[in-house]
Every structure is written in C-alpha cells, then in structure tokens.
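To start, I am sharing the structure in question, which I have written as structure tokens.
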Amino acid sequence: MPRYGMVIDTKKCVGCNDCIVACKTENSVPIGYNRDWIVTESFGKFPDINMEIRTERCNHCSETPCVSCCPTGASHIHDVGGVVLIDHHKCIGCKACVEACPYDARFIHPDGYADKCTFCIHRVEKGENPACVDVCPTYCMHFGDLDDPNSEVSKLLNSRKYHVLIPDAGTQPNIFYLV
Amino acid sequence: MNSLSRRRFLKISSATIATAAVIAGSAKTFVKSADKINEKNVKGIKKIPTYCDLCFWKCGVMAYVKDGKLWKVEGHPDDPLSNGRLCPRGTGGVGAHYDPDRLRTPLIRKSLRGEEKWVEVTWGEAFDYIAEKMIKIKNEYGPESMALFSHGVGGTFFKHLIRAYGCPNETAPSFAQCRGPRETAFELTFGDIVGSPERTDIQNSDCLVLIGSHLGENMHNTQVQEFSRAVEKGTSIIVVDPRFSVAASKAKYYLPIKPGTDLALLLAWMSVIVNEKLYDVDYVKNYGFGFEAFAAEVSQYTPEWAYIETGIDPNIIRETAREMVRYKPATLVHPGRHATWYGDDAQRERAIALLNALLGSWGRKGGFYIPYSYSIPKYKYPPYPEEQRKPVHNPDNKYPFANAEQISTGIREATISGKPYPIKGWMIYGTNLLQALPNRDETIQAIQNLDLMVVVDVVPSEIAGWADVVLPESVYLERYDDLNTSPFRESFVGLRQPVVEEPNDQKPNWWMAKKLGEKLGLAEYFPWNDIEEYLDARLKSAELSLDELKEKGIIKGPEQPIYFDDGLEPVFWTPSGKIEFYSPQLAEAGFDPVPKYTKHPEPPAGYFRLLYGRAPVHTFSKTQSNPLLHDLMSVNELWVNADIADMYGLKQGQKIKLKNTDGVISDEIKIKATERIRPDCVYMVHGFGQKSRQLRSTYKKGASDAELITKYKTDPLMGGTGMNVNFVTFEMEV
Amino acid sequence: MHEIFTTRHNPHVDPFLTMWEWQIPVYLFLGGMVAGMMIIAGYFIFSGRNKESNCTCYSIPFTSFILLSAGMFALFLDLAHKPYVWRLYTTFQFTSPMSWGAWILLLVYPALIANILIRPPVWMAKRIPKLSELSVKIQTHPFLIKNIGILNMILGMMLGAYTGVLLSTMGARPLWNSSLLWVLFLVSGLSTAAAYVHLVAKNKEESELLAKADNGFLVVELFVMVMLFLGLMSSARPHIEAAQLLLNGPYAPVFWVFVIALGIVIPLGIQLLAVNHKIKHTPIAPMMVIVGGLILRFVIVSAGQYSHWFNAHF
C-alpha cells in the first residue's frame, strides 16, 4: 500500500511561485485563492542572515484532524496512497475542517465547498507527478511512495537532514523539507 | 519638472470616467466572445507546440487545449532552454489570452496625446492613417526621419518594414538600458558578446560569483535551472549584493557591498590574483595580449584600499579571491545582464571580463562556453534602399564602442533636439518606453515633437496611452512568429504557431507589417502571401519543412564542441586576435585601457540610493495585468532596512510615497521592513506604479522606480544609461 | 530579527482565520441557553414541580423550541454549501462532534415536543384541539412525565456539552484545546438559562430558587474559567499565547469588562444581595448574565480562530 508524500529541498527552492501557477492552471483554482504558497523565513541581523524558503500546501497528514471532524464524510482519506481528499458533493461548507487544520491549508471555494491541494491525484493515478512537482525549475520537489524504501523520496529522507511543519501539532505530516 | 499641467490633469481625469464606463461595459462582452470562438465542440485534449513570449528567453512550450478551450501550458520536453519546465511567467502564459483589459481593436486618438481617449477604427482606417503620415514624413523630411523601438521576436517584420521604407533608425532598450555595457566590454576583451541566452556554464561551475545578479528572483529559466544544479552539486557560491537576495541565501560567501563600489572589489580581487600569481598562467600566456601593462595597473589596488571603498573585510576579499582561483577554470564570474548602473558600467563589465580571463574561464567548462545556433538562411528579399543619412542615435560617433546596436536614448535625444536631423515618427513594438527609458519627462518631451506615433502592443500599456494609433496584437498563443534559433549549448530551431484564435480583432505582427507595407508601396518586400509561406521558404532552404516543425515544435541540430578543451579552436575577434588585457582600442579612443576606479556620489543625508530589480512572477511592466500573475503579485514593496524603518517610525506594511532629489514624488508603496538590505539603500521590484488608466488592474498599484529615475549617467564608451544613481527619501502621508 | 512572510491570501484565512462569523457564537449561545432550559425544565418535571400550575416548566419548552430553531437557522446561514445540508443526515461520523450534534439536535426536537405536549400553551391548544386530548392522556401517566423530564435533562446536557467538545477537538486552535471547554459551555448555558427563567418565572418561590441556582452556576463558571486558563497557561507556547489573548492581549478589555465583570461578577454580586433580601430582585442582573453569555461565545470563537500554532523553522 503506497503512502504518498513529498520531499522538498529548501536548499534549492528559490520561491519563484512556479508551483503555484502550475497548480492554478492544472486544477482551475480560482483567482484569489491558493492551494499552495511560498513562505520565506529569515533570521538574523544584516548581513549575517539565515533564510529558508518553502513551498507549502496541505501536508496530507497521517493523523488528520480535518478528516475526523467532518460531519458528512466529505473530507476523507483516499483508498490509495493516504491522500486526503474532499468529496465536493458531500461537503456542506460547515468549515470545521478549515478550523481544524493547524497549517491553515484549506479554504472555502467560491462554489461553496471546502478545497485544498489534492496531490493532483488525477495525475498521480495516471503515473504522473503532481503539477507543482513537474513544473519546478529548480527540481527541488520530489513526490513518491514513502513506504517504498527504494523510492526517490525515501532515499532522500535517509540521506539528508529534514524537518516537517509544526511537528508538535501531532498531525504527522507527509511533506518533508530537506535543509 | 512635470510637463503635465494641472489643467490637463483635470481634463484627463474627467475623461477617465466615460472611458472607464465604456471599457467596463465591453470587458464583459470580451470574455463571452472568447468562450464562443474557442468552443469548437472539439472534445478531448490537444497538444500544440510553440514557444513562449512572456520574456525574451523564448522557451519551448507545449500548449494544452481542452474541449476547444485553452487550458494550460507546460515546457516543451525537447526544448534545451527549459528542459520541459517553464518559469512562473511562462506557466501563467494562458493569462495573457484571458486578460480582460487586453487591446481589442485598432484605436486612433481623438484628443491630446496621453489622454487615453480613443476612436475604435478598422484595420484599413488605421493603416491608411499611418501610411499617410509616413509618406508625408518621407516627402517632407526623408524616410530616415522615423525610428522603430522594438523589443521581442515579434518586431522582426517591423524592422524589415522600416528598413524597406528607408529608415536606418531601429533600436531596443535592451542595449543602452540593459545589456549594452556588458556586450561592449566582452567584445573589447574577448572579441565576442556574452549574448542572450548568456553563454554562462553555470551548471558546470565549481565556483560561481554573482555580482548584483539575483538569480531566483530574476527568473531567466535556464539560468535558474542551472543555478539550482550548481547549488545541488555544492558549487561554491559568492554573492556580492547590497541586498540579501535569494541567491545570497544559498551562497557560501555573502559580501554586503556598498552600492557603487563593485569596480573597487573587482580590481582588488584581480590585484590579489595577479600579485600572488594565482591566475591561469598557460591560458594567459597562450591567449593573452598586454598582460604586463594590465598587471602593472591592477596590482596597485589592495584589499585594504578596497575595504575603505566597499566596506568588505580585506580578509574576505583575499579569501574569496583565493576561492575563485581554487576552482579555476571552472570558476564563473557571472557578468550579469542588466548592467546599466552607475555610468562607468562598460569599464566595470570589462573588469569582470578580465577577472574571468585571469581565471581562464572563457571557452572553458564551468566558465563560458562558445554557443552555436541552427543556421536557417534569411528570406531572400530585394535589397533595402540605400541609406542617404546615417542613424541618428550616436552623432559624430560620440560613443565609439556602441557595437552594432543603436542607443535608444540617443534616438530620443535626436527626437527632442532635431539634431543631427529631425525624427518625426516613432513606431513602437512591445516596449513600454515610459518604464524602460530613464527620465519619463524626456520621453514625453520627445513624443511631443512627433508627427506620428504608432504603438503595437497587447495591452493598453502606458506607452500605448501616448500614441496616435494603437494596433492590438494577438498574444503569442494566437499567432505565428519568426523562427527561434537562439545560440546555446546545442543548436535548435523552434516554431511559434497559433494554439487558439484571437478573441477579438487582434492581428499578428507579420500581418500588420505586410498590410502596412503594401499601403506604403513596399509590396515587393512582402512577396509571401502569409507567414506560413515565409517560414516554409526559410525552412526549406535549410532542408527542413514547416509541416515537420509544426508537428514537432523543436528540431535540434547536430552536436558541436563548445569548449576549447574539446577541440574547439579558440578565436578572439579582437584587433590583436587575442584576449586584450590591455586594450589599445580604448587607449586610442582616449579611455582607460585597463579599468580604473572612480568613486560615485553618495546619497545626501536623509536620502537612500534607489535600487531596483526583478520578481520571478513578472517581466518588467509587461505582465502585471495577466490575471494569473497579478494574483501572485499585484503590487511591489519597498525594502527598507529594519533599523532605518524603526528610526523613521515606519511600520511593516505602512504605505508611503518616495521623493527623489529632483522633487518627483512616487505613488504609494508598502514598506517591507527587513534585515535583508543595507541601511543606505532601498529596493523595489521594477514595473509597477503604472499610469495607464485603461489597464485597470495595474493602475497605480505600487510605485514606479522608473518614475523616480530622473537622473542617469551616460557611459562614455557606449552610451548606456546608468540608472542606479537616484536618491530618494520617504514622503509620509501627513 | 525573525521575519516570516507568506504569499497565501485565502479569504477568511489570511492574515488570520475568520471563517466562522457571528452565526456560530449566536448558535452556541442559543444552543447553550436552550440546553440549560431543557435541564431546568426537565428537572422541574422530574422533581414534580409541574404540579404547580404556574410552573415555568410549561412555558420553557416552547420558548426553547423557538430559540433552538433560531439557532439552527443561524447554523444553516453559516453553511457555504447550503443545498447539500441534507448530507448531515445520510451518515454518522463517529469521530466528528458536529455529526453527533446534527443527530443530537434531531433527538432534541422530539424531546421538546414531548415536553410541550404535557401542557401545551393555551393559544396552541385552542388552535389544535387534538393537542389538548394528547396532553390529557399524558397527564394520566406520571411515570411517562417523569421520563420526559429525564430525557430532556439528558439531551439538554448533551446539547450543552457537545459544542464545547466540538471546539475542544480542534487542536489547531490552541485557545479551544482544553477538556474543560464543554464544562464551561454547559455551566454558562445553565447560568444563562437560569437567569432567563428567573426573569420570566411567575411563581415567586421558583423565581427565588432559580436566582439561587444561577448564583451557583455563576460561581462554578468562574471556577471553571480559572481552571481553564490555568491549564492553558501551563501548557505549550501556543496555548500560553492563546490564553494571553484574553488575559492581557487584544481581547482583554472585552473579556474582563463584558464577560467577567458585567457578565458574571457584578450580576452575581447583585443577585447574592437579592437572595439574601438585602435588595430587591432586579431584572438588570439576569439580563447582564444573558448578554455576558452571548459575549463570552463571541470572544471564544473569535479569539480561538486568531490563536494558532507557529509555523516557524528558526
């Protein structure tokens, strides 16, 4: 059973926003809404500065507060890969899932339902990568099966230092940031 | 000061409401009609190859049409420039097709220039108007009294038209306002330009020096892709920048140089390398000319002296020099691209060229490769009429090293003064001169002297607002263009072809040039019926066919060596046939044969040097109205050092205006208080603060650096306009 | 200096979360008050108070019905995907307190109706004579009446508690993440209900009883609040900062003045004096309690959304 996840190399990410535009055109995300975004974090006093640039999106966590709080089962875990998806036809727009996500990864689509990154499951099921991964001009994004020890993502996690976002929130996110 | 009087301003603003209402009403119809035309009941996904036009790199594109509607664009998998991945602007290219503020029909102004009041006309009426005026100019002043400002591959047919008409004046701002100093400097040193795409072998470099280059924010696709490969393989990166750029965050050494002093650092580096004999001795011996004179000159500069000028620790200067040497010849001192900074830019770029020469990187792996392109013969036209008068841009050859390109600000100057001969007509293709050229007032002053001003554009840009006639062009996804045969590590020919139809009455550049040419009696210069005939003729002469290229999108040529070490014969097209460490050409013309340092003026108390740069989601001022890219960045911000912000009581996100030393006040801009910039300068991304009321999504969003660039220092070698010489202070709302 | 910038600009999420607006605090308030009223009315019936003809237990159920419907309407207004609201009732999601709530609310109505049917209001009985028949039948079964009372009490407690559980399971919102939140909501609901019933009670003894009960609830409410903040202040940094939002941060003025002082302490003082016959009973105190309960919900919902974990690497 694959467990999909992403490994993103912050050493290479330049924060160019290509992933955001690709997601927008691939998934028809409405203008003014973000399924993914860039966070630029820096620390220090000029000129001794440390900086990390991250491309963030839904982390498709293993412990999903957004799925457990959904009253209709719209927010669910896909049968393949552990990808967290939303069934638009079951969603009532109660926004509990938006409140429940510590990463604020969700939003309410203008059509009324909750929406977020889907790991481009429609592409993944055809053997392609998510649109953001395939467009990145610095090749800093990697997608694959975390449960497969021979996958690129597993090998990267075994060879480089990494961190996840808000580990204390207990969500066990599946996007790993190489440092 | 401002040639816009209060009375005219009121006139213009009262007209805005009427215009805006009309535009608002018709915008809705626009969106509807686009859907109508493209829904051809074609179900399924079609993939059509073309190449991108969001900037000037021309990456290969694979465009997707789903159920008859334009869906998305991805990189062409065979394209060597993009390797199948477009940059954010390219990926957002579909937005150009869907831009609700696009130009829709030809327009002729019905009142004063700049008031943006138009009559919608037919193409026939527009061409009649232009042809009549152009013939009048030809008869009264001579055909030389026109000028074409053209930027982008789509200008090819206009360049052809203007030459056929008999006018020699043709320029792009990319020389005197951008790459010019670099090209002049490298030609003086190595005998060849750096070019575009730059022949920088970033991905193979073991040491990469970026001086002001902010790769990652400057988004030239191939450069950023290669930069990331260099980061991955552990290339030693040295970044010299007054601002802690994204590239600086990935650097091994970050040198927070005082703006204006880069030449001091370069000279000190060279002196260390020369004095400690760390340069590539064989390379210099085999290929160098005038090395002794050069060495004698540069060895006087010490890191200690440079420290006083630049603020960079002398030990760091030595350490970084030795770091560069450690990895030679795979050390690339990147020459940048936009080099027009302080007015001595050709000499600064010459210092960069010389430093590279010391490291032996020219023609070597990890340094500069020697690019080649696919040779497709030009179309055989009848010869152009003989030039009766020389081009106006450089009278008396005042700027002796202005290469083969013309100085755009020189043409503007001639238009203002009427010397050496008057320029009475401007044709402008795809370049917003009001943001590109320094000192807006001079541009407007020049425009007032014109009998004819034609602007060809895709959106109602600021420059289009000043035209007599505006011709709406189809965006790249809707048209053919000339072939792309960019010089690169490998040769290829790329085709631009239509993916979807124009939504309104827009037309491609080649059609406009042909129709206008016919009206001007120049039909013999446009013998082909349409561009497909033209392209097929060119391709057939290279034993290719248009049908083949339409299907593939990109055809590659046979491989050739690109490094000296691979057997490529080193050739230096300098007078001596060698790398000129000492340039007799410069000495003869009365310039420093080896660069000398000059101190530049510093900002007065309470003022900060205005620096500007690029964002990865926009191209100059061209893309701000693209809905997808506008969503990512609709305004620019003013980077201010955090301590300075505290001192002036400026809060994060607070909106202020800037005032320069000439008293020009900008539009409002948000403060970004950050540690990532020196206290003596401020920084903003170029291309915002636009003043075209018809381009609603960009109107007065953010501030315009170009508006504040009223002072500029002209490079004596090649006429480039150094623009980082303006100082600003904060103008807070009371 | 630590700088963190995001390019995300989702409506009602950035710069901080404001997804749940006035509809939710209004529902929480009404739901809580109805819950308290159900417990009080249920208790009265269970303990035989319904023998008094002017017992409030005969008017409260109908009022509850109206108020709860108003609250549910507010909830409906909050939904972004309204045509699909029926999806709540095609499933039961075991881990979702909102799903529990959807079904609890479904059970609450029959309980309220049963309670109303014991002795429907006069104007209603006039309109629908069948109701009088039914009520007579019920009145002959005291055992049934007692059970209706118990049912109302139980469902009232569930109604009053589940919303607190719902918020407290949102670990992403540190302010809400306390296992005492349901207790606070339940006690607050009881105190607002007691204040209301005290206000409308015709029976002097009942009114007095309810004032005393309200005082008890208010004291317990204060105690629960102290415990809640104690818990947050001794937890991790996001929880400490969340608590500080109310204690000494941007929400402090509203919290201390309107929720604590005007909503609890001052009315408590007035009512203590009143039940000890030092001053006359005044409607001001219970009205303050009710408004204080409403404002408490607004503060908790708004500040809770503002509270967050820190997405920082450095």
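All chains are identified by letter, namely A, B and C, in their written order; residue positions are counted from 1 within each chain.
We take it that a contact is a pair of C-beta atoms (placed from the backbone, for glycine too) under 8 Å apart; a residue touches a chain by one contact, two chains touch by 3 or more.
This one's a predicted model, so the numbers in the text were calculated from it and none came from an experiment.
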So, comparing each chain's Cα centre against the centre of all protein Cα atoms, which one is closest? A
Greatest contact count: chains A-C
Rounded to the nearest Å, the gap between Cα centres of subunit A and subunit B is 35
Could you grab the centroid distance between subunit B and subunit C? Build each centroid from C-alpha atoms only and quote it in angstrom. 64
For subunit C, give me the residues that contact two or more of the other chains. 1, 3, 7
Can you list every residue of subunit B that touches 2 or more other chains, as numbers and ranges? 632, 642, 674-676
Would you pick out the residues of subunit A that each touch at least 2 other chains? 17, 20, 32, 42, 44-45, 50
Contact footprint of subunit C on subunit B as seen in their complex: 632, 642, 674-676
For the complex, give me every residue of subunit C touching subunit B. 1, 3, 7
Can you list the residues on subunit B that touch subunit A in the complex? 71-75, 82, 85-88, 91-92, 94, 215-217, 219, 221, 224-225, 227-229, 231-232, 244, 246-250, 254, 256, 616-617, 627-633, 641-642, 674-679
Which subunit A residues qualify as touching subunit B in the complex? 9, 11-12, 14-18, 20-22, 24-26, 31-32, 42, 44-47, 49-51, 53, 134-140
Within their complex, state which residues of subunit A touch subunit C. 17, 20, 32-34, 37-45, 50, 52, 54, 56, 65, 67-74, 89-96, 98-104, 106-108, 111-114, 163, 165-166, 168-170, 177
